[in-house]
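The structures come next, written out as structure tokens.
After this come two complexes, each holding subunit A, first together with subunit B and then together with subunit C.
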Partner chain A sequence: MIDSVNVPEVLPSSIPVPSAVISSASYLWFYFITFFKLIPGAHYVIDYVEKSHQDDPYRTFVEVLLILYSIVYFLSKPKKKGAVDQPKLSEKEIDNLIEEWEPEPIVVPDERNEWRLAKIPVIEGSGADNVINITRDNGKEAYASAFNLCSFNFLQLSKHPRVVEIAKEIIKNYGVGSCGPAGFYGNEDVHYNLEYDLASFFGTENSVLYGQDFCVSSSVIPAFTKRGDVIVADDKISVSSQNALQLSRSTVYYYKHNDMASLENLLHELDEAEKKEKLPAIPRKFIVTEGIFHRTGEIAPLPELVQLKRKYKYRLFIDETFSIGVLGATGRGLTEYYNINRATSIDITVGSLATAIGSSGGFVLGDNVMVRHQRIGSNAYCFSASLPPYAVRTASTVLQMMDEDNSSVTKLRYLSNKLHEWFQTDTELLRYIEVTSHRDSSVLHFQLTDAQRQQKFGSSIESVFQESQYQQQHCISDHFVESWEKEEIFLQAIVDTVLIDGNILISRDTIVLKQETLPVTPNISICCNSSMEESQLLDAYNVIRIAIIKHCSEA
Partner chain B sequence: MSQLKPFPSYGQDNSNGGASGIEPVKDHRRRRSSSIISHVEPESFEDENDQQMMNNMNANWVNQRGAWIIHLVVIALLRLFFNLLPGMSNEWSWTLTNIAYVVGSYIMFHLIKGTPFDFNGGVYDNLTMWEQIDDGVLYTPTRKFLITVPIGLFLLSTHYCRYDLQLFLLNFVLTTFVAVVPKLPVTHRLRISIPGITGPAQIS
Partner chain C sequence: MISISSTRVPLIPPEDIPLEDKKENEFGQLTSEEYLYQSKSRDGKALQDPILDAPAYHVSLITYLNYLILIILGHIHDFLGLTFQKEKHKDIMEQDGLAPWFSTFESFYVRRLKQRIDDCFSRPTTGVPGRFIRCLDRVSHNLNDYFTYPGTTSMCLNLSSYNYLGFAQSEGQCTTAALEATDKYGVYSGGPRTRIGTTDLHVMTEKYVAQFVGKEDAILFSMGYGTNANFFNSFLDSKCLVISDSLNHTSIRTGVRLSGAAVKTFKHNDMRALEKLIREQIVQGQSKTHRPWKKIIICVEGLYSMEGTMANLPKLVELKKKYKCYLFVDEAHSIGAMGPSGRGVCDFFGIPCSDIDIMMGTLTKSFGAAGGYIAADKWIIDRFRLDLTTPHYGEPTPAPVLAQIASSLKTITGDINPGEGQERLQRIAFNARYLRLALQRLGFIVYGIADSPVIPMLLYAPSKMPAFSRMMLQRKIAVVVVAYPATPLIESRVRFCVSAALTKEDIDYLLQHINEVGDKLFLKVSSGKAGGSLDGKPPRWNIDEVIKRTPTDCKDDSFFRI
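So, the complex of A and B:
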């Protein structure tokens, strides 16, 4: 029975409770209990409640609160914290919205860019030859036996009959494809043999083969870095390394191109900042640069880099796509050029089999731990198909030939020195153009001088970069910088004149401005290789020289 | 901070100079808050990309039914274990079961951050497992289950403790402050740093 005696003593007697409240509450409680007891099994609940209540209303209150909260939580709908509720739309409204929506075309046809397509040469036969037949603009223009100054096959060793014979034999025995990523039946004996060959040729502990050279850095760097790590990079690295830095998710700092004072300043300041911050864990730190720069042809000052990396405890990552096979007495790249041991100076070297070695694919050189991590942690190694066996064997044979005989490297060096000498001593030419590449680089890069650019197009490197950045940041889909485009058209005119007048194929550097996150300049590159004759190169130089002077003095 | 700034990082060429003057071009710095109570910053576009790129193996298994049942199994085994200790009273056995479960789940869900599978550029490094479950969506069935279990266990253990006041208080304080409060939506992504004991909380 419930009556007024049972009013809990916890209520202070100084606060009078109106008797109407007590009696109505009592009635409610009485009928609630009566009906509750009709539910089967209800007496267990009542037993439990009676037992746990034990004349302690505070504790009961606390427990009831806890139970109530769990019920409230249980009944809430899934929701992300801070998410705003979407407006509820009826079926009809959704249909209307879908009908109203007009998708933008995936590719916006832009006639401002059509000239580029018309200028792409199509080569009949192998592009590695020095004399080639080309057509352009859907076969409207044809040039027979043009002199090819566009091939990256600098040593021309892969054209040697011995290499061709081996490639034939391998195709007969292994077929043409490797049918899968390295870890999924893609790697055969030849792949592992090439990895050993590369490691022993360059004097490192181990190496990893990749199917394509452009994606090597953008797969290797993200495999080793994560948020919070620090990357200090040169500010003229190629777009492949720029992608790598983007994907690394690290904090990226740039130092001035090849300027060791700027690098040291930056490293010192980062060091000071780190000491001040007292981070709970030391981040991984990398210096990223290129052996011979893809964009400018300059050579990185390795001794200073190694010294700084040791002093500030960074790891050194060098992209040697254009320096392997070119620099050093036997073509062993940047380290041989500076007489430094690769295994102890450069932590990660990225190289390409598609340039001087004349096959296809890319590779990474480094120590065993670094290599082992890539075999399971690097996306391009794990998920893209490995190289065809014949390409692999070709590369192995070329390495063997480079080891036996360095005459092609020596000749390449001689030719590139000559080529640079002609261009760099030509005072008339230097009024218009600036040759950026180092004399030992097998690719000669030249661009218009800043004064010429300002005079002809009213632009500078900075203004083009700013405009391009603005469009990138505002996600403008038809990215277009007019002065850049004019300069590219101007350079293409030089290339055309050289092709038409001299039957010589040179090329603008292919740069997709939309993808660049660093300032770039349009430039023309001239590649020499070891199977050329000095006289041929001199003739080509004269034709190019006349074309440049003709176009630059016009305006 | 995905916006690129034109060359802010040349070091002392900066007008303001000094160590604090250098600014990275791409910023993924670990930031730490100097206040006592702070929240982990919301994910950027790139972070969300990285989170959704791959299945989060560290947190997704808790959605499986087997993972739900194992909580009950673990509790039963704990209870059995404490019962087998010599001289253990029933009250203390239940209380110890509760303490062990609550502290264990705290360590697992709220103390250890990050994931042992490092394929996502460290995007989960600053999130506890509770914050990683269901991509951070609150009030999901798994979360409901995980918050109900300690409450149920608390009710059971106080019941079998025969309402001894001290054991009740011990159980209650532990359950609320170690198991329930860290799971509340209010404390989601909240970091508390105690000056002198913990360092400043990392918030990004």
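So, the complex of A and C:
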């Protein structure tokens, strides 16, 4: 039977191949062809191959190669990139590797900066009072009736009996917690009404409440930005905005702190670059800055910012945590200070209910469209329970009181100005320290002069930043910059002397260096509030001044 | 009273009712000792794999069709709107050189799907979110474009608030404590914790919380979301790995993203997938350099708030020990609500707390307060006090909230009003089991484990969500409906949050109405394989039969898959 079929000659006879191979290959070929012909339509393929082989024998060869290549290509494709060079390990080898792996401890204790723990004051009673009893270091140190220059409750209105009564009334009718997020029955009538009150007090279309001030920026900005959007930020913004930029997915550029020429240059460059790129749609663009800077107490130049944002078509985001209740004749913040309409100049204002307003929580002001989107797109709003009703009503009442009477704002400004005046005209002090804050800021920030820093610790702001950044980039778990630590210890010594000698509590600005992504300077801040007397402040100033001079002139 | 309708939510004066009624509205008196259930510790026993009931194919098909129609209509709407009604669609168009706040595509779901049912969300309320919740009546205009408020209210049975132990009250020892704290400390603390915000009340409350959860030390924050969102960056960096359950809360995901750590997710509660992932990751190491990870931390939640499922702790602890990973458990919903003494997952599973490295939880839910905590060994917490951002830059927890936390904790442990805490725990355990078994017997598909006070009931088709929510509101019952993106696309559901404040009779009332609405909306689609059936056939019990037999049956573990 085999004889009657023409077995194709697959191999030339000249190569010495064992006959068994030849015959088995021939059988294989034969059965392959026989079965292949059974498939309907197979003869077309065979015809094609035969014909093309006749025309051009090399073509068959090339085609076979192509088919083989594509099969190899397809088979190799599903493998993941990372797995390609992954050696195949046996279970035993894997177990050994797991056995060998030694993880770091969950946190890395570091004695070098644990002195800070002992310096945290524990207040008996409210930290918003002017005279407080404190203990430190697990009760080892105690100070009675210390004068408190640390509190951010600048207007002291939430201590007013009227406010306390309302807070208690609300607790008696609403309980404490709201037990639900805003979308699911957590927003009560009082929450809606505070939103109306905030909007009308600050002259914007609408507002949104958040559970904690520190979370607001880092939730609002990422709610609107995505990859490809542009954020231009001041290079001295605080950690909450830094976090926001990190979560924003956008391209972030920094301009020099409060330097409008630097900002304009940057905007101009970006504009040129964008024109060249011919994007399919314009990206969202934001300028991010602060009203009164958390860190330095300086004030942002709003008129120029507004002009630039209009010229270059940006949206303006301002964190007014420290300027609301402080700036402007009636405490309406940065816009009132510069006499500018908030609704048409600032697109997103972020503020805190926990600073001058003296309640708790944070808020955002802006137009209806922006607010509406936040209510479904902003994580800290959607996925968190709303504020306790009493805190909300407290804030509404404080706003109402600010509206009725601006005397506490006026008094606060007067005291802030005085405090700054004393420090800033004290030539002896200014040999050692530099006051960075604006005279209208209710927090006075001072830091060592560059020369002092160089002389005492052999460092500069840049050197500290570089070292800190190096450690961040290399993921050093026990992040530690020695000169920074020494400077902080030095400032703490001043704080301690003021406390021990004068029974006055001031504080270093609390900074976590390893969380800062921008250059930052150790500094001491002194807060005044509207229920203080000028004479008390003056006495405090004298004590602080002596302490600074004592420590700085040593060595 | 306000007479004319306003587009603004009016401030509603408190109801003028006798004190006894007010108390009863916030927390119903126990009607019989029979309606209590003391839950038992599992003594280290792991959970069985859950059986998920799936509806018949036509239900899924209808659900997809439902979405398809909504999406097509939405696109037609968008097209016509953007062509003919430019004025109305300003928010999604470029305007004088500014990009729109959000893109047409991204906001499509919200504008065209969610807005249709906006009347089911953000219902304004007033007063205490206790056993009953007072919802403000509102009238929707122009397809939920805006609402008007006539100024009237409806008292609704509350199945929506996270008020597990019923501490949302305005009478009783917790309120007294909160009022005293307001007098003594005021409503505000002064500034960040490490600056001036730490009061003796903070120190004391942190001690109570640590004791309660069984750790050496704890640190409190004023917001639960913020606790997670600003936590992970204090001890993780890009050379660390986070292994995260796929259904973890947004706050955890945000926090991990901020830390820059690498993230790998495993399928919800799938312990085999988790083990495989851990092995693979220890061997492979960091993604580019293949150096070993500095540390690996497994993040899970105690009780998942959309599923009613729990982390399988015994298995997790075993894996974590075997592979030298660390374990982070977010007990937002389980603390207070689960376990024989309300101490959360460890208590529930009977596992020592030392087996969890970091215990996080929120105080918003079971304790009727606000904020969150992180508890761990003292040396770890000390480090967090220095490295976390919130205590340095954010506000502290205010005094009235602290007082509420401390007094509710002490009530649970029996230090104040001995017996009351135990009763609350036994009531929520009974209520949760009763409602769950009853729903199963009626023929509904519910997810989660027997003792979970979160009971998600599946609705499937998106259009049944608003229907269910509105029909329940008409019957004076406040419920929460959730859909995509909080759940998988076709698994739209209603979530009942059971509270100790509800009486058995409240649940009977609820069941009767769910039964009625369920029949109208064809929601009884279970096959019985996940529970509720005695004979293996799809359970479709008669409502009277359910109410008669379930209160005793629900105490028997054999009716549940435990």
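The definition used in the following text is that the second predicted complex is superposed on the first by the 471 of 555 C-alpha atoms of A that agree within 3 Å, B and C clash if a C-alpha of one lies under 4 Å from a C-alpha of the other, contacts with A are read in each partner's own complex, and residues count from 1 in each chain.
The working rule: a contact is a pair of C-beta atoms (placed from the backbone, for glycine too) under 8 Å apart; a residue touches a chain by one contact, two chains touch by 3 or more.
Computed from a predicted structure; not experimentally measured.
K.L.:
Based on the superposed arrangement, let me know which partner A:Glu104 touches: subunit B (first), subunit C (second), both, or neither?
P.N.:
second
K.L.:
Under the stated touch criterion, which partner chain does A:Pro280 make contact with: subunit B (first), subunit C (second), both, or neither?
P.N.:
Only subunit B; A:Pro280 stays clear of subunit C.
K.L.:
Have a look and say if subunit B or subunit C is in touch with more residues of subunit A.
P.N.:
C
K.L.:
Contact-wise, after the overlay, does A:Ala391 reach subunit B, subunit C, both or neither (first, second, both, neither)?
P.N.:
second
K.L.:
Applying the document's definition of touch, where does A:Gln246 land relative to subunit B and subunit C: first, second, both, or neither?
P.N.:
Both partners, subunit B and subunit C.
K.L.:
Applying the document's definition of touch, where does A:Gly377 land relative to subunit B and subunit C: first, second, both, or neither?
P.N.:
both
K.L.:
Just subunit B (first), just subunit C (second), both, or neither: which does A:His43 touch?
P.N.:
Neither partner.
K.L.:
If we overlay the two complexes on their shared chain A, which of subunit B and subunit C does A:Tyr255 touch? Say first, second, both or neither.
P.N.:
First partner only.
K.L.:
Taking the two structures together, which residues of subunit A meet both subunit B and subunit C?
P.N.:
82, 229, 246-247, 283, 377, 472
K.L.:
Show which residues of subunit A lie in contact with subunit C when the two form their complex.
P.N.:
For this pair, the touching residues of subunit A are 82, 86, 89, 94, 97-98, 101-110, 113-114, 116-117, 120-128, 148, 150-153, 158-159, 163-164, 167-168, 171-180, 182-190, 192-193, 196, 211-215, 218-219, 224, 229, 238-240, 243, 246-247, 281-285, 294, 313, 315, 352, 354, 358-361, 369-370, 373, 375-377, 379-380, 382-385, 387-388, 390-391, 394, 472, 475, 477, 505, 507, 510-512, 514-515, 527.
K.L.:
Which residues, counting only subunit A, touch subunit B once they are in their complex?
P.N.:
Against subunit B, the touching part of subunit A is residues 48, 51-52, 54, 56, 59, 62-63, 66-67, 69-70, 73-74, 76-82, 222, 225-229, 235, 245-256, 262, 265-266, 268-270, 272-273, 276-280, 283, 377, 462, 465-466, 469, 472-473, 517.
K.L.:
Which of the residues in subunit B end up touching subunit A in this complex?
P.N.:
Residues 3-4, 6-7, 9-13, 18-22, 24-30, 32, 42, 46, 50, 118-123, 125, 134-140, 144, 147-148, 151, 154-155, 158-159, 163, 168, 172, 175-176, 180, 185, 188-189, 199, 202.
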